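Across the two complexes that follow, chain A remains constant while its partner is chain B and subsequently chain C.
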Partner chain A sequence: MMRKTVSFIFVSLTSLAAVIVAAALFAIVFFIFTESIRAIKEVGFGLFSPNWYPVWETDPEFGVGTMLLNSLILTVWTSVWVWTIGLSVAIYLHKYALNKEREVLLRILEYVSGIPSVVLGLFGVLILGNWFLRLGAWSAQNFLNASIVLSVLTLPFMTSLTFQSLEKVPRQLVEGAIALGAKDLAVMWIELRYAAPGIVNAMLSVFNRIFGETMIVLMVAGGANLLVRSLLDPVRPLTATLGSEIGEVAVGSLHYSALFFIAFLVLSGSLILNLLTNRITRKLERWIKG
Partner chain B sequence: MRWTLRIISYGVFVVMLFVLVSIVVSGVPYFFRPGFFTAWPQRAMSEGGIFPMLIGSLMLMSLVFAISVPVGLIGTIFLSELAPRRISMFLKSLAGTMNSVPSIVYGVFGLAFFSVKLGFGTSLLSASLALSTMSIPFFMNSAVEFLRAVPKELREGVISLGANKLQATLMVLRASKNGILTSLMLTLGRAFSETAPILVTGAVFYSTKLPGKLTDPVMTLPTSIYAIVMNLGERSQWMAKAMASLMVLIMIAVYSLVQITRRNKRE
Partner chain C sequence: MSDVVFEIKDLYAFYDEHAALQSINLKIWEKRITAIMGPSGCGKSTLLRCLNRLNDLIPGFSLKGQILFRGQDIYQIKDLTEYRRRVTMVFQKPNPFPMSIFDNVAYGLRIHGITKKSILKDKVEQALRMAALWDEVKDKLKKPAVQLSGGQQQRLCIARALAVEPEVLLLDEPTSALDPIATTKIERLLEELAQQYTVVIVTHSMGQALRISDEVVFLYEGRLIEYGETSTIAKTPKHEVTKQFLTGKIG
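After this line comes the complex of A and B, so read on.
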């Protein structure tokens, strides 16, 4: 009897903890959505207009259009660089690197992945920013600067994930291909195809992380709400507005609600991307297994 | 082909090394200023030390530890030992999803729920709860792998000897001790370096006293770095550089500890 009670209490306690965790995600979505309802009702499609003047007294405007576009442009541009470079480094580490080289490079990447994003922001402002000014850019904080710092943030992640999935390719597959007379490039293609689920997973996670990163764009991107036209323009992505204004806004105002709408956009972007990642990875896995 | 890839890799190596070294080196000399670790900042952060930020970060970390370890550990046990397969898979994918949600979202949620709805205000408590909401799924995601790695025979053996669920679970926990320790260090490291959630829920730029109770606001290392870089002039920048360098050194120490723990496990 005693033992049964102990067991029962134990099981119910643990399931309670799991329920709390599961409830948290739904609570997050629910709260962020309910707080943004007011803005959706009162501003409607105006939320997607290009102008964001939240504190004008006569006629404030709450359009996230420009910020959303800037966010997407910055994310796509940076992701493409990170994907290409990360993939190249991972292939080098997997195929050609000496043991010593591999160890040192992986160690450095691990340490860099531990640098807090606010510290990378400081690096972008104080060190890279100075270089940009000296080279003649008119603003120290700009699109290119933010993109470089974001690459430093995500490159370790991309490289190590890709490297790990390349290492999981079975030896026999490669040896079989070589025995059949496949050249270097063909062998690499086989390995890449086998590792595709892991690589695609890494690519989409990188995209997600850049889209949601706040501190770096807040500090380094420059903060001008204009559509980016050149690499040296200062920009303001969605998360930068959110991070800089949410601390100072009056709770319950229309501005507050509009900021929650931005948070809702960021959150749903990340959730959709996550669903997509799972879908694609599963499909690729099935395709490889035949 | 080989040489193109090699040049790219060496380029990445040089850039990464430069970032790491320039951050660490630019801050270390200031550690030796008198009172750097023990004094309060003075004259708009241009003189003095980082004592309140250091203590603030420590307090925050201990609260996150106290909240997320029990909940996270118990949740992990449920996930790997007790839940039916379907529920376990569902919860695991939920935890994975929460892991990919940007940290600012946790901050905004913490503001709406803990600070405003529950009335905790801008405080140590709101900040640690917001950080814990983020860290718990992270911990579960990482720890569950280590619990699953414990061989099935061990569990079956213990149960066939007449142990109940609780005793069997304690056995599994003991077997995966190192793994759990690793997850714990990584989780705390991540919570330590995260800025956006605290910035929104609990941090103030300057306060004249240490938080005496849970509902007081707090100064922390990352939020002070942000505030100095964005708002103050060149005369205060040394303090931001020094704090940045300290944070990076702490993170390197965490990762090295994780490495050592992993190596011990292998032996």
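After this line comes the complex of A and C, so read on.
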């Protein structure tokens, strides 16, 4: 009897929590979308034009095209580096590193992953920025600076998640491959196949994290709404605009609504990416779990 | 009498200080089924894994004595890839790779440099037929191997080992994770395979050893206590532990 009551309470509590979370998510999407309706109605496709001059008296423009492109370019560029380096380091840690080495490196990664993004941003502004100026860049805050700081932010995550997935590969699979005569690369192939769901999950999460990261790009990307042409150009991704302007805009104005449109873009981007991640991971898991 | 495939001379095996095998002297004959028996921890898996040099991977493992494969000391071999093609291994728990049924069987072939599609196809089919699995999987070769049942997975692993055209098949308790029906299937299969291959099987089941093996090796606490033709030993066991095994007191 007692048992039944307890289990009933637990089931109700978890269901309640699930419903609340789902409702909250729905409410957020709904709220952000309704606030951006005005901009969608009044500006229309102009929202995707390149120019963003929201506070011009005569003829304000609300185009997010350049920011969106800059966001995507920055995210793809940085992700590819983080994926490559993270995967290589994880493979090294898993296969070749000495125990001591592995311990120290994992510890360091753990500490780095705990650094608040604003502190990383500060490091970008003060130290990296200074170096960039000395090396002859025309702006201390720029695309490359942001990319480096974002890499520092996401690399620990990519590396440790990939490493963990590789460590989970059952010993008997590795032995099975070796017993057939497989050399390092062929064995690695089996391990990567087995770890694929975890690795892909890490990759897409990194992408999502970079796309949505605000504080760092606000501080070190440079803030110019120009399409990036060189690594040292200052840029302004979507999130930076939203972060810097939302505090100063007149509530209910067209500018306000356009900022909500940006929020809507960022949010849908991350939701779609999450759905995609789930989909792909589940597909890949079929090869492991049957 | 057929040819000697393996000759083991005064073999000792150590995990760090612990001696897992002591003073083993043994011959394994071509195209026969040799069963290695003994209670848990007697060193039977260690002995089998030495034959494929799989113990090289274990930190702290060392070895004294000699294992000759057709007269050649296997611990002097540099190119293990080719050696392991000739002497392949099937494990206790089915371990299909996370890929399709076809790719599982083709894996070994690809390692050994066979990449032409038509040849791969033929060889995969041939291996699956030999493992008595072809009819069950021929329509789903592209499906994940893990979707097969346990017994099918184990036969797939046997097919994977056979695909590289080995001379010796090592099996480490291949049926201990399977139900009786799947076990029977695999035992039948091994008897058939013994016409072409040398089979060495570790088993803890006396019944299995009696059913399928030609030769039987008894290990006890790392030492070889008795070995010879299965039928002879079954009738006239010399050692006390062997007797207990035969009467079902242990094992």
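Note that in this section the second predicted complex is superposed on the first by the 268 of 290 C-alpha atoms of A that agree within 3 Å, B and C clash if a C-alpha of one lies under 4 Å from a C-alpha of the other, contacts with A are read in each partner's own complex, and residues count from 1 in each chain.
Everything below uses one rule, namely that a contact is a pair of C-beta atoms (placed from the backbone, for glycine too) under 8 Å apart; a residue touches a chain by one contact, two chains touch by 3 or more.
Just so it is clear, the structure is predicted and the values come from calculations on it, not from any experiment.
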item: Chain B versus chain C as contact partner of A:190, first or second or both or neither; value: second
item: Touching partner for A:72 - first (chain B), second (chain C), both, neither; value: neither
item: Partner chain(s) touched by A:122 [first = chain B, second = chain C, both, neither]; value: first
item: Partner chain in contact with A:286 - chain B first, chain C second, else both or neither; value: second
item: First, second, both or neither for A:175, with chain B first and chain C second; value: second
item: Which superposed partner A:40 touches (first chain B, second chain C, both, neither); value: neither
item: Residue contacts on chain A - larger count, chain B or chain C; value: B
item: Partner chain(s) touched by A:152 [first = chain B, second = chain C, both, neither]; value: first
item: Which of chain B and chain C A:205 touches, first, second, both or neither; value: first
item: Those residues of chain A which chain B touches in one complex and chain C touches in the other; value: none
item: Chain A residues touching chain C - in the complex, by the definition given at the top; value: 170, 172-173, 175-183, 186, 190, 193-194, 196, 286-290
item: Residues of chain B that touch chain A when the two form their complex; value: 1-2, 4-6, 8-9, 12-13, 15-17, 19-20, 22-23, 26, 70-71, 74-75, 77-79, 82-83, 91, 93-98, 100-109, 111-113, 116-117, 133, 136-137, 140, 164-166, 169, 189, 192-196, 199-200, 222-223, 225-226, 229-230, 237, 240-241, 244, 247-248, 251-252, 254-255
item: Complex contacts: residues of chain C adjacent to chain A; value: 52, 54, 57, 80-85, 88-89, 91, 93, 95, 97-99, 107-108, 110-112, 144, 146-148, 157, 160-161, 164
item: Complex contact set, residues of chain A against chain B; value: 3, 6-7, 10-11, 13-15, 17-18, 20-22, 24-25, 27-28, 31-32, 35, 85, 88-89, 91-93, 95-97, 101, 104-105, 108-112, 114-123, 125-127, 152, 155-156, 159, 184-185, 205, 208-209, 211-215, 218-219, 239, 242-243, 246-247, 251, 259-260, 263, 266-267, 270-271, 273-274, 278
